[in-house]
């Protein structure tokens, strides 16, 4: 079957979430640096092709609970809540990453023609 | 618009390529370890949901040309050629990653109903 | 103070453990691919300068316990046990990474002149 | 030989540079996000144990030259200039990462007793 603009919009959205997750999971962070890390992650993804918007939220409560005695921890996939909109030609797709049954799930929220 | 099985197959395919790229780019390698790295990359992606098959090829010529005086280099995106098939419900999507105009491009090759 | 050969041996050992950890944490794995991943990690570090030997062990019990319903998980720092020997000029340093009080600790085991 | 406070200071310094490099190389960036990425990298390392100070500089000229037609590129090791000071007990070690003969070299600049 021919590859459509809808297909490409969704494919690009998947790429962005996979990239974000595997680039940044493991990054050291503390409660003092969580703002800066959220911003850097969002910006690093937003420079990639077809990204219309993205918000990245890291769960402060989970960061707090997992701090070691040294006062820091690492970014885990379960701490992330991401919402992104990708636009490819005349299709716009909204995707998310969030905790579902203890697992960081990536999912398509909506696809629309613009 | 409702999210279809075709959409999800393509979304999962995008996630896998984004993950592969950002997990493994930067890995130290030499001509002696390229086989083992190709295998480990392919296997690490193949354990993820909905992956039907995957092959990973690292360009030996490019590895050779970029070896430092210490006899090793790092995996770069431009060295990778990946072909993967993702199956989600009754849709199968074939995707690729390869060098195009000097840039490691990810693309959809085919989508079919099974 | 002048930088000695002992200093450089230890510095290189630290680099290797930091690199290993942050390159590979987050890698998808299952009980079927753990052997291949251990080998690829050990090889990728062994190609770097001054590495005399390295062994990488991933705790199968911890992998098993953290498998999702999809039958896979991600490499976590706590799953790793690494032993490495770095040789720089006439100094040899043995270092380790292993779980200590719930935390993946990196430490110097021994330094000797050869 | 017994492991000294000097040894541990140097070991910790090596860990930090290895971690920084392998966590962040591959991160997508553009000329508009380079400030934010520098800051996030410096902060993520500074939360780790024994880090007294760290500065991270990304070469804007190299970023500019490697921009794809999509207006972004990825962080490469050769773009990085890092200076860090690690303090462990009564020893302070200054280390650097910078381009040397086309290769991103990590080195000890100074060790002192405080």
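As written, the chain order gives the labels A, B, C and D, with residue 1 at the start of each chain.
Criterion: contacts are C-beta pairs under 8 Å (C-beta built on N, C-alpha and C of every residue); 3 or more make two chains touch, one makes a residue touch a chain.
Heads up on the chains, UniProt names are A, B, C, D = Dihydroneopterin aldolase.
Here the structure is a predicted model, which means the values were calculated and not measured.
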Report summary line: Across the interface between the identical copies chain A and chain D, with over half of residue numbers shared counting as same and under half as different, the residues used are same
Requested in this report: If we define chain centres by averaging CA atoms, which chain lands farthest from chain A? Would you check?
Outcome: C
Report summary line: Contact tally winner between B-C and C-D is C-D
Requested in this report: Mind checking the centre-to-centre distance between chain A and chain C? Centres are C-alpha means, answer in whole Å.
Outcome: 28
Query raised in the report: Just how far, in Å, is the C-alpha centre of chain C from the one of chain B?
Result: 25
Report task. With chain centres taken as the means of their Cα atoms, state the distance from chain C to chain D in Å. Result -> 20
Report summary line: Among chain B residues, those touching two or more other chains are 19, 21-23, 26
Query raised in the report: Which residues of chain D touch chain C in their complex?
Result: 1, 3, 6-8, 10-23, 95, 106, 108, 110-113
Requested in this report: Please give the residue numbers of chain A that touch chain C in the complex, ascending.
Outcome: 21-22, 25-26, 68-69, 74, 77, 103
Report task. Show which residues of chain D lie in contact with chain A when the two form their complex. Result -> 19, 23, 26-30, 32-33, 36-37, 39-41, 43-49, 70-72
